[in-house]
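Structure first, then comments.
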Amino acid sequence: MALRTAFRGRAALSGLLSCSSHGRLSLSFISQRKNSTSPKIKVDYDQTTGVAVMRMQSPPVNSLSLDFLTEVCISLEKLEMDKGCRGIIITSNQPKVFSAGLDILEMYGKSPEHCGEFWKAVQEMWLKLYGSNMVTIAAINGSSPAGGCLMSLTCDYRIMADNPRYSIGLNETQLGIVAPFWFKDTMVNTVGHRNTEMALELGLLYKPAEALKIGLVDQLVPEDQVLTAATQTMTKWLAIPEHARQITKSMMRKPTIEKLRSNREADIQNFVNFITKESIQKSLRMYMEMLKQKKA
Amino acid sequence: MALRTAFRGRAALSGLLSCSSHGRLSLSFISQRKNSTSPKIKVDYDQTTGVAVMRMQSPPVNSLSLDFLTEVCISLEKLEMDKGCRGIIITSNQPKVFSAGLDILEMYGKSPEHCGEFWKAVQEMWLKLYGSNMVTIAAINGSSPAGGCLMSLTCDYRIMADNPRYSIGLNETQLGIVAPFWFKDTMVNTVGHRNTEMALELGLLYKPAEALKIGLVDQLVPEDQVLTAATQTMTKWLAIPEHARQITKSMMRKPTIEKLRSNREADIQNFVNFITKESIQKSLRMYMEMLKQKKA
Amino acid sequence: MALRTAFRGRAALSGLLSCSSHGRLSLSFISQRKNSTSPKIKVDYDQTTGVAVMRMQSPPVNSLSLDFLTEVCISLEKLEMDKGCRGIIITSNQPKVFSAGLDILEMYGKSPEHCGEFWKAVQEMWLKLYGSNMVTIAAINGSSPAGGCLMSLTCDYRIMADNPRYSIGLNETQLGIVAPFWFKDTMVNTVGHRNTEMALELGLLYKPAEALKIGLVDQLVPEDQVLTAATQTMTKWLAIPEHARQITKSMMRKPTIEKLRSNREADIQNFVNFITKESIQKSLRMYMEMLKQKKA
C-alpha cells in the first residue's frame, strides 16, 4: 500500500507536458544516471535574519531520488541544530518545476532491500519536515505533483506561482499506485476529508487557482515574486513568540506524526511488497517505455 | 440511538409539500400496503460500458421499506460480483423525489424483532454502498430527505437537479428522532464537523444551491440533464486505474465502516430500544394522524 | 500545556487598542482589585419564552477571573436545573468588548495551588457550556480574544456585531502562552484543522468579516441588532424537538468533552507547571510593566 513515483518522464502523464518538451528531460532519463557529486540542494543561510533558503537543483525536475532525499535530510538536520536558524524557505532552482516527486528509478528493477531503504528515506524526509521546529514555507515556483506536493504540504505555509501551466496535487492514483496513509493524513489536515477523498481517488492535479480555492495552497503571487512573498511571510511568522508557536505546532501535528512513527516498519514492508509485485513492476516498465517511444 | 422515518406523508413536514399534493401519496398511505411483487428496483446494466443504472421505482416516494432495502442489497451484490460491472448510477423513476427515506410503517406498531430486522437491513445497505468497490454516483433527480440523503452520501459523487423545489438533508431531528452515529460520520466525512453539527441539530433540509455551497452535493445541472451528467462523470472516474482507486477509496472510508461493523449489534439494540419507547411510538402515531387529518 | 491570559491591558497587544483608550482600563489595572460584591453576571430569565439572557458586567472588560468564572458556573447550574429554561443568550454589558479572556492576575505571582484552582474553574466553565443541554447562543457585541473567543466557541451559534474595530480569535501564542488541547479541539470542531493550525500558531485575531468567512462566527449583524438577531435565532432553535436535538448535540460533542474529562488532573498539572515557570512569570511581568509604562 503506498508510494509515489515521481519521475522525469511522468510529467507527460500528469499534465506536466510543458516540462517534457524540455530537452534535458528525456536525455537524463534515457542516459545512465550519474552519481553526481555536485550538490542537489543549495542552502543559503542568512545568519542576520535566521532564515535559510533551500534551493532544489537536481536536474532536470528535482526528482526525489535516494541521494536527493539523503541530502535534504542532512541539510535539515544541520539547520535544525543551528540555534540561530529559525525558518526555512524551500524552493526550486529548476525551471518550471518545484519537484516532480519520487524517483521511479529507485523502485523499478531494484532489490527489495533497496526499495525499503528508499522508502525509509521518504519517511525520514516527511518526519523531519512535518515535525520541524522551524517555520517552513514552500515557495512553489513550478509544478508540484505527487512527492513534490507532499513536500509542500509539510510546510507551515504554501505560496505558489500564479501560472496556469503549473499544477499541484497527489496524483499517484493516475499512475496506478497509491498514496500511503500518511500522505493522506497530511492532505486531510490541510484540505479536509472530502477534498482529499476526491483528490486521491481521481489523482487530481490542481491549477493554482483551484488549489487556492480548496486550500491546497495559501497564496498565489506572480511567478517572479514567489520568493519575495515567501520572505515577507517568513518575517511575519518569525515575529510570533517562538516557544509558544513551536508547542502549538507540535500539538497540531503530533498525532499524525506518531501514527507513522509507530508504524514505520509495517509501512516500509507494505511499500516493498506492493512495489515489487510483478504487475506493478510491469506497469512501471510500460510507463517508461511509453515515454521512450514518445521521445523517439 | 437512531433511526429514520422516511415515509410517504412525512413529505408534508419536511418541506416536500410539492409531493404531498400528489394524489397517490396519501392514497397509498391510507390504504393497506400491498406486498407488491413488481420490482422496486430496475437495473439497466450496459455490459459494453460496465455501468449499471439503478432506478428506484417504489411508488409513491421510494420509501426505504424492508422489501425495498432487501431488493437494493440483492441488486448491489449481483453487480458487485459481476467483474465487468465497474460503476453504478443511482437515480429515481418516481417524479419529484429521489427517496423520502426510511419507511415509518416498518417501525410503527411493530415487534422489537421486526424493528431489529429492519434496522439491520438499513445498516446492510449503508455498508454495501459506502464500501462498494465500484464507482457510485447519485443522480439526485428529486427531493432527498433523511434516508434518501444518506443513500446519496454513500456515493463517490453527487449530482443534483437544480430545482429549488427540491431539498436534501438529514432532517431526522425535525421528526423527533435521531440520526445514528454512522449517518453522522458519513456526513462529517462529506461536509465537515461544524456543518454537520448545525445540520443534524436543526434537522436542516438544503435547497440545491445551499447543498452545493456546503459540499453536500458536488454538482447541479438542469433537471433533464442529471442522468447525462452522471454518465459523463462516470466515464471520467472509470478512466482512473481501478486497483489504485479502489485501494484509495478503502483507505478513506475503512475507519468509518469498521466503526459500524464492530458495533452493529449494539446499534441495532439502541435503535430497537429507542423506537419501541411509548413516547416515540406516540409521536409517530400523532404524526401519521396529522397526515390523515390533513387529507380529510 | 495551556492557558489564557485574558486581561484588561492585553487589549493593547491584541489589537484591542480601541479599548485601551478607555479610561477605566488602565485605572483598574494599576489600582488594587477589589473583591466586589456586585454581581459580575446579570441573568434575565423570561419564563414565558424559556430563554435566559446572561449579561457579563465585570468592568472593565469582563476578564475571566476566578470570581467571574465561579459566578458563571453557578448561574449555568441554576438555569440548567430549571426545567423551564431551554436557551441561553450570552452577551456583554461592557462597551466594545464581549470578554477579554482569562484574567492574568490570577496567574501572576500566585501560588501553584491558586493557579490550579483557577484553571479548574476555566475547565469547569468550558465543560458546562460546551456540554449544555440548553440551546446556547453567543451575542458577540464587542471584541472577543482568547478566553472570550473560547466562550463563544462553546455555543451552538455565534452572532457578531459587524464592526471592523472588533476582533475575535484564540491569540494566546501572541502572548507567549499556549492554547490547551481542548481549546484547540473546540476550534477544530468549528473551523477545521488547517484554519485552526494557522490561527493558533500565529495567534490570529479575525475581523468580523474574516471570522464569518472561515466559520468562526455564523452571522454578522449591525451592532445594535445583535441581541435581536440572537433572540430570533433562539426561537428557531427552540422549535426543534428538544429531546432529539439534545441527543444529537451530545453525539457531536461527547468525544471532545470526554477527552478533557479523562485528562483533567493532568491538564491542571500541565498548566500549573507551565505558568509558574520563572521564564513565563517573567514575561507576564514584563508584559504588565509595558502596559504601565504605556499609561505613564
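The first chain written gets the first letter, and so on, giving A, B and C; residue counts start at 1 in each chain.
Just so it is clear, contacts are C-beta pairs under 8 Å (C-beta built on N, C-alpha and C of every residue); 3 or more make two chains touch, one makes a residue touch a chain.
Remember, it's a predicted structure, so these values are computed and weren't measured experimentally.
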{"item": "When chain A is superposed on chain B by its C-alpha atoms, the rotation angle in degrees, nearest 5", "value": "120"}
{"item": "Numbering shared by both copies at the chain C-chain A contact, with half separating same from different", "value": "different"}
{"item": "Gap in Å, rounded to a whole number, between the CA centres of chain C and chain A", "value": "40"}
{"item": "Two or more partner chains touched - positions in chain B", "value": "192"}
{"item": "Touching residues on chain A, where the partner in the complex is chain C", "value": "156-157, 188-192, 215, 218, 236-237, 240-241, 243-245, 247-249, 251-253"}
{"item": "Parts of chain B lying in touch with chain C, wherever the complex brings them together", "value": "1, 172-179, 181, 184, 192-194, 196-198, 200-203"}
